Amino acid sequence: MSPEGLRALLEGVREGRISPDDALERLRQLPFEDLGFAKVDHHRALRRGFPEAIFGAGKSPDQVRAIVESIVGRGQNVLVTRAGREVFEGVAALRPEAEYHEAARCISVRVAPTALLGGRVAVACAGTSDVPVAEEAAVTASFHGAEVDRVYDVGVAGLHRLLDRAPLIRAADVVIVAAGMEGALPSVVAGIVEAPVVAVPTSVGYGASFHGLAALLAMLNSCASGVAVVNIDNGFGAGYLASLILRRLAKRAGG
Amino acid sequence: MSPEGLRALLEGVREGRISPDDALERLRQLPFEDLGFAKVDHHRALRRGFPEAIFGAGKSPDQVRAIVESIVGRGQNVLVTRAGREVFEGVAALRPEAEYHEAARCISVRVAPTALLGGRVAVACAGTSDVPVAEEAAVTASFHGAEVDRVYDVGVAGLHRLLDRAPLIRAADVVIVAAGMEGALPSVVAGIVEAPVVAVPTSVGYGASFHGLAALLAMLNSCASGVAVVNIDNGFGAGYLASLILRRLAKRAGG
Amino acid sequence: MSPEGLRALLEGVREGRISPDDALERLRQLPFEDLGFAKVDHHRALRRGFPEAIFGAGKSPDQVRAIVESIVGRGQNVLVTRAGREVFEGVAALRPEAEYHEAARCISVRVAPTALLGGRVAVACAGTSDVPVAEEAAVTASFHGAEVDRVYDVGVAGLHRLLDRAPLIRAADVVIVAAGMEGALPSVVAGIVEAPVVAVPTSVGYGASFHGLAALLAMLNSCASGVAVVNIDNGFGAGYLASLILRRLAKRAGG
Amino acid sequence: MSPEGLRALLEGVREGRISPDDALERLRQLPFEDLGFAKVDHHRALRRGFPEAIFGAGKSPDQVRAIVESIVGRGQNVLVTRAGREVFEGVAALRPEAEYHEAARCISVRVAPTALLGGRVAVACAGTSDVPVAEEAAVTASFHGAEVDRVYDVGVAGLHRLLDRAPLIRAADVVIVAAGMEGALPSVVAGIVEAPVVAVPTSVGYGASFHGLAALLAMLNSCASGVAVVNIDNGFGAGYLASLILRRLAKRAGG
Amino acid sequence: MSPEGLRALLEGVREGRISPDDALERLRQLPFEDLGFAKVDHHRALRRGFPEAIFGAGKSPDQVRAIVESIVGRGQNVLVTRAGREVFEGVAALRPEAEYHEAARCISVRVAPTALLGGRVAVACAGTSDVPVAEEAAVTASFHGAEVDRVYDVGVAGLHRLLDRAPLIRAADVVIVAAGMEGALPSVVAGIVEAPVVAVPTSVGYGASFHGLAALLAMLNSCASGVAVVNIDNGFGAGYLASLILRRLAKRAGG
Amino acid sequence: MSPEGLRALLEGVREGRISPDDALERLRQLPFEDLGFAKVDHHRALRRGFPEAIFGAGKSPDQVRAIVESIVGRGQNVLVTRAGREVFEGVAALRPEAEYHEAARCISVRVAPTALLGGRVAVACAGTSDVPVAEEAAVTASFHGAEVDRVYDVGVAGLHRLLDRAPLIRAADVVIVAAGMEGALPSVVAGIVEAPVVAVPTSVGYGASFHGLAALLAMLNSCASGVAVVNIDNGFGAGYLASLILRRLAKRAGG
Amino acid sequence: MSPEGLRALLEGVREGRISPDDALERLRQLPFEDLGFAKVDHHRALRRGFPEAIFGAGKSPDQVRAIVESIVGRGQNVLVTRAGREVFEGVAALRPEAEYHEAARCISVRVAPTALLGGRVAVACAGTSDVPVAEEAAVTASFHGAEVDRVYDVGVAGLHRLLDRAPLIRAADVVIVAAGMEGALPSVVAGIVEAPVVAVPTSVGYGASFHGLAALLAMLNSCASGVAVVNIDNGFGAGYLASLILRRLAKRAGG
Amino acid sequence: MSPEGLRALLEGVREGRISPDDALERLRQLPFEDLGFAKVDHHRALRRGFPEAIFGAGKSPDQVRAIVESIVGRGQNVLVTRAGREVFEGVAALRPEAEYHEAARCISVRVAPTALLGGRVAVACAGTSDVPVAEEAAVTASFHGAEVDRVYDVGVAGLHRLLDRAPLIRAADVVIVAAGMEGALPSVVAGIVEAPVVAVPTSVGYGASFHGLAALLAMLNSCASGVAVVNIDNGFGAGYLASLILRRLAKRAGG
């Protein structure tokens, strides 16, 4: 119920068309979100104006397809993460506009134009094994309307490759850095850029990497200020956060 | 060495005033940062145009005072975090413009005007014990030029207090959320705002909180997208990251 | 040996039919539980008047079937948890009254009427991935005679869905809350109800969820009083505990 | 705003005394909790009809005294946990009815009669070192109106002491069990009672007890059904949860 | 109640001096341990024929003195572990026969002769920092009647010292090995002896020793069979276990 | 080289049959263990007079068969642990006297008589899922010559079953207790016996059992003295340690 | 750009053939590594003069083959670690000079002569299960030009085997020690050699070995000085580090 | 007993001056190390030709002084680590040649000339808080005869400072890198040098650094080959290991 709806209700009461008891009952029944003054109510993804995303892990191809159809049927774009090719094929059979991002293991279905955010996200990663996580971040940011530059395989043991690509990284509004093993790359990157850095620990490694714990702890303890961290392998989260930041930029620029 | 400096050197060589060998030697000797084309060189804080900050923990009042003097002596503002009152008194004896932020345990010394960032940061915290960390974040953001709204004592066990303050939180460009114990507040906040959320786990709690580990893990696993996490009790890091984001906004708005 | 049995023994001694030595030997041999004054002896499930339950994980279909038959053969109801459909089919071949609770992965066989406990249990869960654990709790409580209301998919990132369902939750005598990832839901629920809350961390999540550890720690550190926690994924334990509480209510109401 | 208040507002609108715009504004301004239909708003402790409690750790005697005065000044009882004798003396100077529970390190101030809950809580603990935590639970339950039986020093290495006291434990509506070290007592107790068991791990122990972690894990893995766990050393939480259960009993008995 | 006592009771019933009801009541009232056939009842330390021991940590000198007096007053020997010199002085003022074992931080008070166990315990430790734990084990075993050989400072980085002392170690019936840091000594010792080895990890070390965790894990993973482990720094437990083994030897030898 | 062998060598030198240089060379070449005075040399299992055992996990059937043949070919008995039925079949094809202990997943091959140790080991376990580990311990102790009593399914949630079997447990010279989940059984057993207790945590459980860690920590923190712990699931280690203790008894009894 | 290249550039400027602006642009564009004075640029493996190595885990046979071909095609040798036989077969089909090191699960392809390092590496391991890791180290060191002595199956529970082989170990310039379970071997070895010891924890073990964590912690806490540790199962890292040390020796010897 | 000593013994036997029984007894009694062929016997520090070192933590000034005197009295140099100024003053009162290394908290006493090792060790550290650990390493290496270059405050967030100092680091035979927080520096350094890198995690940091665990894990997972790790804060161990490597160099160069 919007403020307008609420005013209409109150007008109805004033005019005697609606009894106070009926009005009370209607207010009681309504979901909070419809009151307008609370705004806790809008579905979160819709409220943000961003299309929806589905976490594909643990869902069957049929389940994914059903959810995709339900969203796309409302005319909205949708992104599916952690989806294998067999899931994609099920979706593509239904919606030929579906696109598979192999390296990211993501499916995007666009049935509406993407509102461009007008900002740049640089996605860096340390080694080739980190690419799937980096790609999930890149595809996510791109899906939400960001321009994305990929700067891959720039691990700290070969600084020159990173320094070579520094101008590209420095041009970004937000930098996403994915790294496994010792997770050192975000600290080094944050030292050479002015933008906020979103660090994504990956589960790449073995032994004392403890499935990404080593990289996670390293990133949380970064000696460089301006770094925040998302969950291990959470490329989507990083890409989404970057998109939120760009949206603020877009609003400010447009305001 | 700026691009201008480098060009001057090369001109010197062309004009014969400087021999190639001397030029080679000077290039070899110079710190990278002086070459201009690399830009890895500027002191990080300066390069970002932000004043410097000192992590006060483990430093003696004398050490802090000396560093403050060295920075302020160059005409720059400075922020000292994790500083007790006795440290402040030492600094204030030297620099009467020093200001003590008791709740944040921070000292700020402003000898130059602060460039306003023109954006808002909301700083929320769950309980009164989380206030010192929240204040460190708030003072940091404010010191860097942000406008800061404090929304304290809005823990998830009393939702109405949080919902009451929701409009203030939703008005922010960046939201910082500090919480100890179960660390649930960032997820709830991220569900009602459009802005990026920077979560700060605090070491508030006992027993199985394991000095903030419980809150840290909770925040990394947030079911709400758009949340990134900094180290336990790292209010400064959150405030600094928020300031970086606002700076991008300011540049964009100004561009 | 009941008090009556013991008295009979002592009468036998007094009447000279049983020698003191024989009586001594019989007392020595008897299991403690038969003495009547100890009451450590009754099989626990029977003593509580609750039907038995079988933890199905790690048991073969044949083993489950044999145990079920042994219990049902004594005229008792039985619940099997963590049982796949193939286990169910084995049981159903033997006992057509067996019922399969697909979402809970539980089998119930009722050959005797269930004593209703006359109280309500609300079972809430955060996301669809938590449903199997929530269902295990719901089926368990229902099997023991509770009336169960399910309030699913009310994660803290979408507060309005939770608040919409608040009346149903507030109507319960005991609330069970299952959540994975950051495990924040029990704290939020405990803040809006008067009843005790039994929290069940689930292993839903990845990376730094560490198979449910993040949710477990969060729940143990709940800022809301009135929350107690069971093992990760232990829906049965939560449902059973809720049933025990309702039994006290039933006794009190009936007394 | 109660339902009555809301109806009055609507009547005012109908009668033309209040314009729809004014009514809209007043609804918009009011805290949620005043709407009556939402009920998210009442202060949690008040809503439950329980007096308030203060976690004393980390608060100065002055802070505690001020909070106590504020609550008592409204005519409410108050409980302070984790309070040393010096805190008590400050409170007692102000309020002579303050009572110090030395073993529990709690202060209670009763200025209003306690509503008795009419049920029994048995509080058991394993060793003498666990007594402070057990006493915090006992004092909390008693403060909230429960009748409390203490069964201390009944560790599992001396079963006879536990079995001797079994009748007392079995008479309880809720059993609280505090234990450190290996944390085995709740499992043994749950095996001999019909009531729900609230287990409190204590930080008693050394070495591989890891400050209560060993006991916590043991209790979460209890082989006995009907056990739920609160945080390490959280005697208050256990006593509060037990009181909530008794309140349901009281309501049912009274209904 | 001993078997004799029970028989007397039954005789009383047979002879009509005691009614069956009275007998029933007396049996019901008596603590289990008095029935004789249960034997769960004797105080554990007494039942084993061993004198009592007090864990001194966390007890005040007054508390320790009171407990010592209570035990010694019954004519029994007593051992106090983890006791500083000031505790000893309190005890010695009361009981001049008290003896202080400085290195072990133990007090022994012997008012009755110690029954010798007739077997040897070798106590080995790796470094001088492990001596307090080793001494606690040695004093405990000696107090219970074992002959003890000390083999200290035989860490694995200097094998010759260990091998030099090998004959002494091999002469023991039980070998106790205390070691911190990497905890390797028990494995090496178990490789050169025929006797069972009781390993005691100590909290000696820093950094990644994690207060004895490294040594504990190492000992649990010993590649040498015949090693069992007690808690970190638990010298008493090792000494007590060794004494239990020697008692079996003594019984066997004497049988 | 035995002491006799060394004396013979020295006699050879004295009699001039062996030159000092040759003797020196032979001493230098010989493995330490042949010197007799060192005794570090005998293969450990042989030295202890115990037959050899093979850890079967991670070895192929062919590898196990080859090792078995090599040992049995020297006329020695052998035990294989962690061996599936297919491994047994390979061994049995070669050595028909091989025996498969299904529940323990062990193979024993006896080609020489077992020297009986003349003592009793009681092996207790908490639940049916702990039986494989308990059986590994029982088979190991039996293989080494112990008489073994099995006391299974006596978990602490059903004390009467344990107390019923108490006489059998108390008759043992060594008690082995295997338990998973909360690992409470060893503490309870140690409270009712006089013999040393060897505790074996098992990996039985889920969630916060962390693959046996909960049980391991509980056992290390046992409030009952006289308990030592082996690695998770290490039934062999417990059985072997018990056998070592019995051997000391046998020597003492025979001496 | 080498120093010569830079001087040529500067000469060009001096002679007027190159304008300062053009020179500035060329300097700006060049990767750092081409400046000669920075030397951050050379590919790391090439710079060290060592052939390249590929971490085979997680790469498909096709991927490995492509990388191998690319390296070998430039005339360089290559080593592939963590490669199964099926990967080898793919490589061998392409490059018949490929050699498979079965125990190490490594492939080496040598198309150029190996520069011998002229030093010895001893590789020791505790048990037969540690051999794959030890072999990875041995093959790596050998591939880089070291002479390697293998000293396997010298676990600390059988000291004589280790002492027998001590001369071989003491002859080495660097000693690599691989051990799982309690990880004690490096400490013992470091006690009997003069050379630096590189310890490799292996994931051999079960239960409380926690996949190599126990061995890792033990090695980090070695009581013997002169031990450094690499990641769990990182035989390659140990072999590579040993080769680096030998290279220093070779340079010194040659200098 | 040296080979010569053994030959003399055997000669004595041959000549009849020593009976075989006496010889046997002497051989049995002698420590292994005297046999000459075993060489397990020499005190480890002496054998390596390095002076002794004392770990000062946990030792009283008197204890340290006594040990120092005992060593210096034999004409040997000695190093004391983890020693405060008050310990130094005690030592200096006795031995005026004692030198205090304030930043390293080490005392060195040189009464004999130091054998120079003829190689260079570079010691780098990330921040000023890491200096004490770095200095402990530097003083240790210097004490053992290395030439040491210090490269401090070159954290990865300011790459230019590190790159500026790269030539100095690259000139070293061994590089020691101390870093706390995220522990990234060793990976970056290993990427720009040819020498082996010894990484020392420090306990610098807070929150999720977990007292150095984050840095430790990062270093163990270094993506750069050629890095080995010592215990947290173990500057001595790193310096000692570097010295051992230099000794090999010295021998090789001299051979």
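For reference, chains read A, B, C, D, E, F, G and H in written order, and residue numbers begin at 1 within each chain.
Going forward, a contact is a pair of C-beta atoms (placed from the backbone, for glycine too) under 8 Å apart; a residue touches a chain by one contact, two chains touch by 3 or more.
This structure is a prediction, so every number in the text was calculated from the model and none was measured.
Enquirer: Could you run down the chains that neighbour chain G and chain H together?
Expert: A, B, E, F
Enquirer: Sharing more than half its contact pairs with A-C, counted by residue number, which one of F-H, G-H or A-G qualifies?
Expert: Repeated interface of A-C: A-G.
Enquirer: Please report how many Å separate the Cα centroid of chain C from that of chain F, as a whole number.
Expert: Taking the mean C-alpha position of each chain, the two centres sit 39 Å apart.
Enquirer: Chain B to chain E: how many Å between their CA centres?
Expert: 56
Enquirer: If you average the CA atoms of chain E and of chain F, how many Å lie between those two points?
Expert: About 24 Å separates the centre of chain E from that of chain F.
Enquirer: Can you pull out the residues of chain C that are in contact with at least two other chains?
Expert: Residues 32, 38, 40, 44, 157-159, 163, 191-192, 207-209, 213, 216, 220-221, 224, 231-232 of chain C touch two or more partner chains.
Enquirer: All pairs of touching chains, please: list them by chain label.
Expert: Chain pairs that touch: A-B, A-C, A-D, A-G, A-H, B-C, B-D, B-G, B-H, C-D, C-E, C-F, D-E, D-F, E-F, E-G, E-H, F-G, F-H, G-H.
Enquirer: Applying the document's contact rule, which stretches of chain E touch chain C when the two form their complex?
Expert: 3, 6-7, 10-11, 13-14, 16, 20-21, 23-24, 27-28, 32, 35-38
Enquirer: Which residues of chain G touch chain F in the complex?
Expert: These residues of chain G touch chain F: 129, 157-160, 163-164, 206-209.
Enquirer: For chain C, which residues count as touching chain D in their complex?
Expert: 38-40, 44, 47-48, 53, 119, 163, 166, 170, 173-174, 191-192, 194-196, 198, 216, 220-221, 224-232, 236-238, 240-241, 244-245, 247-249, 252-253, 255
Enquirer: Inside the complex, what are the residues of chain F that reach chain D?
Expert: Going by the criterion above, the answer is residues 126-127, 155-159, 163, 180-184, 187-188, 190-192, 205, 207-210, 213-215, 217-224.
Enquirer: Spell out the residues on chain C that touch chain F in their complex, using ranges where they run on.
Expert: Listed in rising order, the residues of chain C that touch chain F are 31-33, 38, 40-41, 43-44, 57-58, 201, 203, 211-213, 216, 231-234.
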